[in-house]
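Take a look at the structure set out below.
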Amino acid sequence: MSTAANHSNLALTARNLCVFFGQHQVLKNVSLDIAARSVTAIIGPSGCGKSTFLRALNRMHELVPEARMTGEIRLFGDDIYARHIEPVIVRRRVGMVFQKSNPFPTMSIAENVTVGLRLNGIRDRNILVERTEQSLRMSALWDEVKDRLNAPAISLSGGQQQRLCIARALAVQPEVLLMDEPASALDPLATSKIEDLVQELKKDYTIVIVTHNMQQAARVSDQTAFFYLGELVEFGPTSKIFTSPAQKRTEDYVTGRFG
Amino acid sequence: MQSVTCACAVLVLLPLVLVFYHLVKLGFGSINLGFFTQLPKPVGESGGGMANAIVGTFVLLGQAAAIGVPVGVLGGIYLSEYGSKRLNWWIRFAADILNGVPSITWGIVVYGFLVARELTVFGHVWFHRGFSALAGGVVLGLMMIPLVMRTTEEVLQLVPGGYREAALALGIAKWKTIVQIVLRTALKGIVTGVLLALARIAGETAPLLFTAFGNRFWNHSLTEPIAALPLQIFNYAISPYDDWHRQAWAGALVLLGLVLLVNIGVRFLTRDRFKRNV
Amino acid sequence: MEHLNTELAELKQKLLTMASHAEAAVNEAVRALVDRNYELAIKVNNNDNVIDQLELEVDDMAIHLLSKAPLAGDLRFVMVAMKISTNLERVGDEATKIAKRARDLSEEPPVKISVDLPRMATLALGMLKASLDTFVNRDAAAARAVIPRDKEVDALNKAINNDLADYMVAHPDTVKRCLHLITASKSLERIADHAKNVAEEVVYLCEAQDIRHAGKIGPTTT
């Protein structure tokens, strides 16, 4: 079901990925290629495994007790599940933004942005200041907060908090950014800002976004993967998936006939 | 409905108000500078104070905190962030039981180990026989541990999982996540739990009867008996001397005031502050 | 998604209503021409506004559906419905043109040359009906089969034009009447073109393949 990417560089490749939580198999033999500097959307009904797949890409699914996986995932050629690889290392290369924005409440805006750097040992003030501005500019938040970097992070609106979380993730300079329904808790205006942001970010980052909003997937992504009951049903260019999908299950889901 | 609940709320406040009023009425008159600075006078002489008892209470609470806070907080962290389901269940079970053990039982146990006989380890004498401030500190500390552990755990559980996830997703190691993110977020709650525990044991009298024992003079070493406010109040209250009764009231008022002061002080110290630099 | 399904079905129904009106218009216009029936010609002319009104309604429903952001097959259906309604409205216009020529011809003596307009009409009408059937049945293969039939109609049109041109040269007093016949023939050829367009849209609907202008540019796949 996977298609070769147009870019010569493959950011992430999954081969025969199976994920189990105890006895329950959540992902069944998923194989796909994600091209570098592209946006890939993952769609599917609830319980289809799309969030689990996303989390497998930065080993976050291991936080669930009794989680295990078989198969392989490579990040720019590196096997992220190799024995000697610590999950911490993977997560610095593959960042994640969550559905509910979660800026750390005891920290200011600037502290939130640099927390990933500081707690990983980077203390040089110049670097921190520079990265703060850089990350906030990249997440289109700089102009709104540049005069109050020391204000508490929770004083921002919902949409701003989410962009702050994006800045926080970008500050560690990951290669890939994973987004788990990043706009589902936001109003339409904030949502559209996030979508514009994704289009900007894809110039420098590879983005994988899980969404239950098909119009959003159609607007924002280059490739779309449709998951159902733990399987990858179809994966291809977004325009094809949404105008003429090859699989009937995809067509039925996309036109709202189930799920 | 509203009037019934309002009446009940008033009823709750009533005993507090009555106790306070009584203490102030009967004890305030005996509070003077001498009360805070002088040692108890011998039987028969009037005047004197509870300076040693006040200091003694602080010494005992300090020791109790030194034992109870680290063990309790770290134990609470373990319960909340690590551990297996089964093991944690047993630990919680044990802690809940210990929280219900009568304080006098704690006193007897520590009496048996540290007071009634020498404590020798590998031939070296660790504890001499006899009442000591250390024994008092130990018993209060042991009582604090399950209390602090459970409240710490509950407060940590209240920290939304989203913060942990976000920190881990940034590639921050688990222990750093716990210390720098989770603990920081829960700090106010943990401090509140600690001082609630301290306030509770500040008034414990029964265990101190067997361990600290009380002292009419200044304490010079942790291996000697030490005075404490609750002990002094107890001794004075059951005595036949009116002067001592008045001093007991004053002592009770001071004890209550102490607890109030500690409460207010720590609330002030843990208020939100955001004037930090990057 | 129930309401969306209902609206899609209503759109289809309206389109089919429009189609039956268009087919009837062509049928009656050709009969008026062949039978020299003045009243029938007037009737066709007057009924054109029904088809025009239906086009407005179909397009209105389509826009309304698009605002609900349909995807995949539903999206293609709405686009195709709009295109087909345009083609059907033009078919109605061509039928009106034929009716007008029939009206004018019926007021003058008949021309002595026999041209195979009835056969051309049968072919064009046949294509129209066939392409609309493939739309109802979503039969891409049958739709593809309709498309080459256009060539035959084109050839007939050319032949009729040549015959009439020669006749006009030989009998100059029949020029006006021959010109009417040439116009009618052209309208029938246009009707066949529109039928071909409908068939191409049906192929796109079923297979998501855009086969328009094949031979000039080549087919594109989506």
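As written, the chains take the letters A, B and C, and residue 1 is the first residue of each chain.
The definition used in the following text is that a contact is a pair of C-beta atoms (placed from the backbone, for glycine too) under 8 Å apart; a residue touches a chain by one contact, two chains touch by 3 or more.
Only a predicted model underlies this, so the values are computations on that prediction, with no experimental measurement involved.
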item	value
Chain contact graph, described as a line, ring, star, complete graph or other shape	line
Chain pair bearing the highest count of C-beta contacts	A-B
Chain nearest the global centroid, as defined over all protein CA atoms shown	A
Relative to chain C, chain with the most remote C-alpha centre	B
Mean-CA-position distance for chain C and chain B (Å)	95
Cα-centroid distance, chain A relative to chain C, in whole angstrom	52
Distance from the mean Cα position of chain B to that of chain A, given in whole angstrom	48
Complex contact set, residues of chain A against chain C	214-215, 218, 239-245, 250-251, 254-257
Touch list for chain C against partner chain A, complex	1, 4, 69-76, 208, 222
Chain B residues within the chain A interface of the complex	160, 162-163, 165-173, 176, 180-181, 184-185, 187, 272, 274-278
Residue numbers on chain A that touch chain B, as the complex places them	58, 60, 63, 88-92, 95-96, 98, 100, 102, 104-106, 108, 110-111, 114-116, 119-120, 125, 128-129, 132, 149-152, 165, 168-169, 172
